[in-house]
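Here the chain labels run A, B, C and D in written order, and each chain numbers its own residues starting at 1.
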Amino acid sequence: MLEKLKKEVCELNKQLVKNQLVMWTSGNVSARDPQTGLIVIKPSGVLFDELTPDKMVVVNLEGEVIEGTLKPSVDTASHLYVYKYKKDVNGIVHTHSPYATSFAVRGEPLPIYTTTSAAVFGKEIPVSDFAYIGEEEIGQQIVEKIGDSPAILLRSHGIFTVAKDALSAVKYAVVLEETAQVVHLSLLRGNIKPLPSDVIEKGFDIYKKTYGQ
Amino acid sequence: MLEKLKKEVCELNKQLVKNQLVMWTSGNVSARDPQTGLIVIKPSGVLFDELTPDKMVVVNLEGEVIEGTLKPSVDTASHLYVYKYKKDVNGIVHTHSPYATSFAVRGEPLPIYTTTSAAVFGKEIPVSDFAYIGEEEIGQQIVEKIGDSPAILLRSHGIFTVAKDALSAVKYAVVLEETAQVVHLSLLRGNIKPLPSDVIEKGFDIYKKTYGQ
Amino acid sequence: MLEKLKKEVCELNKQLVKNQLVMWTSGNVSARDPQTGLIVIKPSGVLFDELTPDKMVVVNLEGEVIEGTLKPSVDTASHLYVYKYKKDVNGIVHTHSPYATSFAVRGEPLPIYTTTSAAVFGKEIPVSDFAYIGEEEIGQQIVEKIGDSPAILLRSHGIFTVAKDALSAVKYAVVLEETAQVVHLSLLRGNIKPLPSDVIEKGFDIYKKTYGQ
Amino acid sequence: MLEKLKKEVCELNKQLVKNQLVMWTSGNVSARDPQTGLIVIKPSGVLFDELTPDKMVVVNLEGEVIEGTLKPSVDTASHLYVYKYKKDVNGIVHTHSPYATSFAVRGEPLPIYTTTSAAVFGKEIPVSDFAYIGEEEIGQQIVEKIGDSPAILLRSHGIFTVAKDALSAVKYAVVLEETAQVVHLSLLRGNIKPLPSDVIEKGFDIYKKTYGQ
């Protein structure tokens, strides 16, 4: 079942490696099938290189495994909580990408310093409170703190991005790390000010109307 | 039409990935065909891995699509403005390569600290004023501030390089990032002075006469 | 003999390269066969690309070569000392991965700042005293200072990880470098506090019960 | 002529890319054939991906091209000067690897902080005075300042390593960058002291006797 979505989620998990957002088995991509409401997610503790579409796990919103012989990601409860409370979200990505995570470790939001992050995110990336791995608590933090941002920094942990589909969520995860890196590098050489909010909003509006196919 | 140039522009866009100057869909290479005056540019929002020569978009100086089924890069107006006002420029590269962009975010020009950057650039890399993505404004900033440098830092955004052909523009983009990285690393450990201007000029002259085939 | 284990140790040595933990010929993975008590280890000074299962060296606990035409790793005495005194250890990894090694060079333990390192390591990564390469002294430092941590920073040198098998030891080496990088990046932007010890313990307990297949 | 050496020099030039020591066309490996005294070197300004053994250039000690249709590296005069005055050197590598170059840009020698750099280099890496690219001047600086170190930092430029063969020179270039990176990372978090000289010497002696096949 959901063969096309399992293939897509498998490939997007491998994109996390290709874009240097994950190492070993950490991090994961999931997607919700809009028709059935079922979620496809990476299995727990499997190396990205060894992922194949048939190893993807299909679960329902209650976390029951509908298809698949492997145990789903330890972060499944966190993903499901977000899908339950964010009806327009059909793709979620979780990584520990190092530059973005350094802001999460410091408990600092990531302000908008570049036209790219203004265009893609439209506002400062918020940071959550602390939550343990493997529980709904992370999902609660995301729902409570993410607002209408597509990305959130998870206090002392990593990042989550949410979007209308898994491909878009991966894009947000890539741009978030790119942005965090350039901000980190810039801040190391002295203090700088984020872009003014009207500039951020104008950049966000132009991009929405013009980018992509 | 322009099959050879489309193939070259496609391959050079992929070189941006290979040289770690771009992530996901950001950044682009364009080239002007000297015979027809037409410009070949990357399509908007397409992953670099999925680029093929036939997906390249051919536009004229007024921005009309002459060939291609995809929408051209959101940065097309910026490229075209430069081609219009810089007759000797037939190749342009735009990236958000992180080390060079950190200087753009700080609004600082990149001085010449190494014999390589003296040889390749011949002078400090200038930085533009702020301009929004997707408008001619970026092109205007480039034309106004780049002088006879082959590279410019785009305030709060990224970098552009211009050259007699697209291959040379990619080379400038690679060396710019290499230079920015080594300068960043050097500056983190304490203050240093750029090379004296007579040393820069002599290095630039020697290189022009001796390098390459 | 031990064909399966030689293949596994060979492949895991190549994983060190793939995960960017080693360069050129530095670093090594070894494994102990629980049946025979023999150890399979990387040969000395051979490029990772040129490793094949039949180039792996089989030694006994006394360091005698049982099979193989190449000289075993210069770190063999260190590995053997650990196997001798840690009966539950059947896999060992040694690298000079740069971020973790920077803590070893500074002679500082690596505290737990993230939920991931809490989950995987459960406590601060200890740092050994100085020991020369190629002698039992390194093994003595590991046995004396590692406690029940799966990882140790080797003063002015690099890192060792130990585990029930070589695959797990490689995982610890990867997560250690990931953790060290994010802590390094975070610390560069100002002081931060490690997670409280009760939070670390709870995170460690949850993870042990839920992660993996 | 010298088919085997041309193949080796070609492959070792590509190793510079693989070990992330070079970008685009910068950097080069050369080797001297002990029988004929002729030198094989990379052609000038050719991308590493496009190098093939038959593109390597054979020159004599006076810089005359003996075989090859391409112009030799712009650094040829520097290499030749070293070969002329260092009879035991049969392999030379030049790169702008970023971490090592940051020390060259700051005009600082690279002290020995790790057992690896003690073992491989045996003493602090010296730094030369300033010299222009493409002239004998660089060779003179190397001969004058390198002493019996296998590596030297070239003021405001990059690094050179010299060895009994090209493979060993590449190894020195890799370990130099690895060492420079870990020292850079360590220094960013506060002051540290190099290893005492007797420890460096003992580490160097042990390694010489035990490492490799």
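Things to note:
In this text, a residue touches a chain if its C-beta (ideal position, glycine included) is under 8 Å from a C-beta of that chain, and two chains touch if they have at least 3 such contacts.
Keep in mind the model is a prediction, meaning the values are calculated, not measured.
Annotation, subunit B versus subunit D: rotation angle of 90 degrees from the Cα superposition, expressed as a multiple of 5.
Copies subunit A and subunit B of the same chain sequence form an interface built mainly from non-equivalent positions, shared numbers / all numbers used being under half.
Here the spacing of subunit A and subunit B, counted between their Cα centres, is 30 Å.
Averaged C-alpha coordinates put the centre of subunit B at 43 Å from the centre of subunit C. Residues of subunit B in contact with at least two other chains: 188.
This structure has the following touching chain pairs: A-B, A-C, B-D, C-D.
The residues of subunit C lying in touch with subunit A in their complex are 19, 113-116, 119, 171, 174-175, 177-178, 181-183, 185-186, 188-190, 192, 195, 199, 202-203, 206-207, 210-213. The touching residues of subunit A, counted against subunit C in their complex, run 23-26, 43-46, 70-71, 74, 96, 98-99, 101-102, 105-106, 130, 132-135, 156-158, 184, 187-188.
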